[in-house]
Amino acid sequence: MEYSQYKKLRQTYGFEEIAIVPGDITINPDQTDVSLVIERLNFPIPILASAMDGVVDVRFAIAMSKLGGLAVLNLEGLQTRYADPEGVLDEIANEPPEKVTQVLQRIYSEPIKDNLIGDRIKAIKDAGGVCAVSLTPANTKRMSPLAAEAGMDILVVQSTVTTARHMSKSYRGLIFSELVKQLPVPVIVGNCVSYSACRKLMETGIHGVLVGVGPGAACTTREVIGVGVPQAAATMDCAAARDDYFRASGRYIPIVTDGGIRNGGDLCKAFACGADGVMLGSIFAQTEEAPGRGNHWGMATPHEALPRGTRIRVAVNGSLEQTLFGPTSVTNGTQNLVGALRTSMGVCGARNVREMHQAEIVIAPSIKTEGKGFQYTQGLAK
Amino acid sequence: MEYSQYKKLRQTYGFEEIAIVPGDITINPDQTDVSLVIERLNFPIPILASAMDGVVDVRFAIAMSKLGGLAVLNLEGLQTRYADPEGVLDEIANEPPEKVTQVLQRIYSEPIKDNLIGDRIKAIKDAGGVCAVSLTPANTKRMSPLAAEAGMDILVVQSTVTTARHMSKSYRGLIFSELVKQLPVPVIVGNCVSYSACRKLMETGIHGVLVGVGPGAACTTREVIGVGVPQAAATMDCAAARDDYFRASGRYIPIVTDGGIRNGGDLCKAFACGADGVMLGSIFAQTEEAPGRGNHWGMATPHEALPRGTRIRVAVNGSLEQTLFGPTSVTNGTQNLVGALRTSMGVCGARNVREMHQAEIVIAPSIKTEGKGFQYTQGLAK
Amino acid sequence: MEYSQYKKLRQTYGFEEIAIVPGDITINPDQTDVSLVIERLNFPIPILASAMDGVVDVRFAIAMSKLGGLAVLNLEGLQTRYADPEGVLDEIANEPPEKVTQVLQRIYSEPIKDNLIGDRIKAIKDAGGVCAVSLTPANTKRMSPLAAEAGMDILVVQSTVTTARHMSKSYRGLIFSELVKQLPVPVIVGNCVSYSACRKLMETGIHGVLVGVGPGAACTTREVIGVGVPQAAATMDCAAARDDYFRASGRYIPIVTDGGIRNGGDLCKAFACGADGVMLGSIFAQTEEAPGRGNHWGMATPHEALPRGTRIRVAVNGSLEQTLFGPTSVTNGTQNLVGALRTSMGVCGARNVREMHQAEIVIAPSIKTEGKGFQYTQGLAK
Amino acid sequence: MEYSQYKKLRQTYGFEEIAIVPGDITINPDQTDVSLVIERLNFPIPILASAMDGVVDVRFAIAMSKLGGLAVLNLEGLQTRYADPEGVLDEIANEPPEKVTQVLQRIYSEPIKDNLIGDRIKAIKDAGGVCAVSLTPANTKRMSPLAAEAGMDILVVQSTVTTARHMSKSYRGLIFSELVKQLPVPVIVGNCVSYSACRKLMETGIHGVLVGVGPGAACTTREVIGVGVPQAAATMDCAAARDDYFRASGRYIPIVTDGGIRNGGDLCKAFACGADGVMLGSIFAQTEEAPGRGNHWGMATPHEALPRGTRIRVAVNGSLEQTLFGPTSVTNGTQNLVGALRTSMGVCGARNVREMHQAEIVIAPSIKTEGKGFQYTQGLAK
């Protein structure tokens, strides 16, 4: 008997294993439209910053908003546990690797202060920024009204895995169909990785979905609990759910690929896999504006009983503006991300993100070869 | 002509090449039931410790039993060859790598003392532990009555590969259908890796099967004799045999994945592949309670003519209790294994191990990427 | 739902993942014909040198022509920006890695001098060489008449991705069907990687196609914009387009695999995949005749906003003649490339390049094994 | 269009990518018959030593014959170019790596002395050994009568790739159907890797086939000319040809897997893939009896124009007897090869080599994991 009779396994792929095939027609990069629409909000660039304490604080969120993207502030992290988090950010940055998990566990045991929720949101709004904040499902019912009152523009409800239905004896699970009626703002929910889980979330009436479980560096979810789907596959699955749901309902719910994007090439591939937007952590942790002082850690890292993840040291690489728009002398794909996306769309002949969803993708062995590689780009990238 | 016409090869996978897909419904980890039933014995946690001399002695077996799991004492190892094995354990621990195989060959040439068989079993029973012991097929007929008389609760008959039928000119092979009638305790047999070999073992009337040939670090069976099947594939094959046999006979024979589990992620994947229990060696060799002093070796290592395996040095990593239940500051998945399993079952919506068998698995490239990985877990792992 | 329903991914391969299977008949290497025909021009060996500034200058082009191959001079590189480029070549060679991209950006900001276009071409022609030059699509309309007037023999129009149709608001794209009518010489266009893009280029009336996007070492196109197809797959795709177009039109348009060839083995595989010629960069950068002083960089490296690629240091390995024809004591496949091709064709029983297209190829894991490898070659390679 | 329409590629595997699945019945290793029959000659063990100058000289051939295997003496190597080759063997052993290819080229430019052909063969015969010698196709017609006259027992005609038909303008190719009629001894021919090439060789009336092109460490054929097929696939292909030819003709022509065997595991897999015998180079180069002084090189290494391969330094690992039969304290599978084969056949329930051809094989990822690996072997391997 074939073991496949017991369980059917399908092959999945990460961004590293795929590549985009150029199209039969090319267009000039400056003719591409890369905007992202979430309900009535239009973002000139389809890039979000992760709700991680080494990436987003009030100052970063304001800068990101001015540049046309969207940063998500974590309402359960350091910014709402400490009136002045600079001291603990220093402490995390200076701790040696072997002790940092314990120190993170202690620092994150400080309770959340309700008043800081309002303060942080107002600070972003007062500076003219679009304000997105995140909560975990368990805290959403209690804390989201506080955030709404303070003026948040978008709520992100996020945990490792969030499903339309959660079973618990001890508390009644969050009902998304009720939440979206109670809140005056769009609700983005995540994370999920499969067609059916994504579609069931969309059917609750939410306004956006975060895609990705376990693909990244600051996270060890796959190592600790065995769970995860490579991001190219997860994005394609959820894109299929989005398109089918759109055909069935007329509602187009954007999906945002969250995690596993290491450079501009991965970012471009996410869109070719069907993403409407991407959420970046470690790349933004490398900007001068990030609060992490060149460090990066996930929200599962400080978990008291089952920490999953680790603090990653990253180099500070340049300004947020350079990272998004260049110019740059860095050749590894971590700067001028928007230029890279426009160039990639250009060689695929895609005028906007939804046309980029049609780009051909191939499974391609990772590049390890030495040899000749030779490209002219003047004609295309200018 | 296609070479596949000569021999059909199917693709197999180890735990490293697969990942679990979260379900469409999630449940709180504290609502999961992870117990394992072997005949009339119920174990709160589905984890066994390998019959290896660096892992299990009397003290370890008692500790494991009190925590809800099951350790197997090797009746053909140091514990029954030496009245006081502490000296040879020291010697093994202190030997330099280039000499250790020869030293192991000498130490294991000491004959087994029948009286020590009874002594070790009684020591475990006197302390209130459940007592499982292991024998090789060649010694089972002679030694198992001694072990039964001393009060063993479970007999494990184990060799690299054990089949329902063994051909030999020099002696009559062990007949499992006779053995299970003669003994008053459940009999677990292993190891096997294929559907048909597993099913034929089950049809002899035995009560449990160990799955796994050649997957691990302290073993070089695949290098020396070319034999081995990756553990995810082996587990799925044998799970299919178990389910088919259950449908045909009404008897549910648990299978235990033995070998190749390096962390909590692998452990969770074993259950998603169809295991009812898992048997761990090197992870337990890292506990303070293990007799190996931070060393780990297989029972094929001291073989006089064809040694297969090597002594592995492992770090002592914490207590057995921490390894099983946490809390921990270790983020590599080697502690709080039960918490990891409950969390994994939670994101799959599995209320018990047999529901976990239904989890979706995908083939996923090994994680090597640097980048962003970002998870909230508060909502799920608490 | 299978994610493959969203997008169908096909598996592609690079040269590293394939191997050639010997034929059922062998022939003596000295009976093989390896010539390449481009329109009325016949080249005794089917090897081109890339239009890269570390590889080809006037002196190199002359040497290559005398040996039977074809070097392409870049008309938008250092040779037409600087009357005497030796100083900037020294500077590039001596710059430390962390500064070299910036220095390249500065050096390449020097404008192109129209008069140097004619001077370089005439120098090659005066020495009796066949003169091939390259331009990007954006500059082709203005500069190609200058090159034609100076006596070029072949024009190569090349950018990272060049398609038969390019959309731009700011300027009217290059129309290849018009270009080939205006110019008195054969036009080779590249690069492309897919069946349909290649076929559409052929249908414009051009005379040769360069195949390859993103396969090589001096290039980071796949990392920066996610675009690229492994060379074995790209070559086979474009070879299929060439054969179908030949059957439909009676015109046989040669395709030249450009990039990703690291040694003689890769070169032989390119022909087995359907190439009529190969274009080499880094291997020629290692010759004594190359102007790069043991350095190698792509034309995308100096891009001011989105540099893609890097300067590679390569060892100077011997003369161009040794590289092409041996004899050699080098055993890594970087010398006696023509001898290697003839030997490979011999064991495949291929009398010419088009018979070599029929060789069987298999997907073969990369060689990493230690062990015995034993070959007699006297009977075949002499 | 799919590129697969241009050329169909099939996936092939080396020994590293496969593993043997144990059978449903096991037998005691001491009941296995591992003999190899070549025409009327019966060899107790199915292992040949390669005709390489670092492996086989007269002394080695005699020792191998006494132990039940067969060593092949190269009649075009050092033993027939030098009356006393000890000096050049020292020179090769002492040369630094960067100069060794040049030195080998010089040493092998010494002409072959016809009288030494007879001397070497007689020396082996006088000591009671079975004498197998090798020639390349180009020299076979002239030299094989000399070898026959001197008393050789088996002739091996060997080059990188040998086919039933070879086309040359300068000389008439060797006709195997004539050769086998002229010679009084069995003729083994190689190497080949495909079903059809193997079958065509068998149809000429020869008595054995060597399988393998390009799989090994002392060879760079795949790197230099792109040609090679992984050994598991090549063996299965040629085994299919042998079985089909046997069904058609009634003649059973043994195939010998030559190359790519690094340890006992690979050796066992070769038989499970259909081999009747195996030919080993580097493993025997590690014995005390080998003339290479811990060095190993292929016959293509000294090629004057296109050297393919390199001198490998190997450790001297023990005696030939230990390598074949143990006992051993080495756990990496390079000693007790016959014991390993018997044990492997035992767990597959194979009583002889032809039953071992029926063993199940799976594609299995290479073992790289750390973890638990635990085996008892007493019951099986004794």
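Just so it is clear, A, B, C and D label the chains in written order, and each chain counts residues from 1 on its own.
As a convention for this text, a residue touches a chain if its C-beta (ideal position, glycine included) is under 8 Å from a C-beta of that chain, and two chains touch if they have at least 3 such contacts.
Source: prediction; values computed, not measured.
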item	value
Mutual neighbours - chains that touch chain C and chain D alike	none
Cα superposition angle of chain B on its copy chain D, in degrees to the nearest 5	90
Chain C against chain A, contact positions shared by both copies (same if over half, else different)	different
Chain whose average C-alpha position is farthest from chain A's own	D
Distance between chain centroids, defined by C-alpha means - chain A, chain C (Å)	39
Where chain B and chain C are represented by their mean Cα positions, the distance between them in whole Å	56
Multi-chain contact residues (two or more partners), chain D	10, 12-13, 15, 196, 233, 266
Category of the chain touch graph - line, ring, star, complete, other	ring
Which chain pairs touch, all of them	A-B, A-C, B-D, C-D
Complex contact set, residues of chain D against chain B	10, 12-13, 15, 18-28, 30-31, 195-196, 233, 236-237, 239-241, 243, 263-269, 272-274, 326-333, 336, 339-341, 343-344, 347-349, 360-365, 367-382
Touching residues (chain side chain D, partner chain C) in the complex	1-7, 9-17, 50-52, 76, 101-102, 105, 134, 136-139, 158-170, 191-194, 196-197, 200, 212-230, 233, 258-262, 266, 279-283, 285, 296, 298-301, 303-310
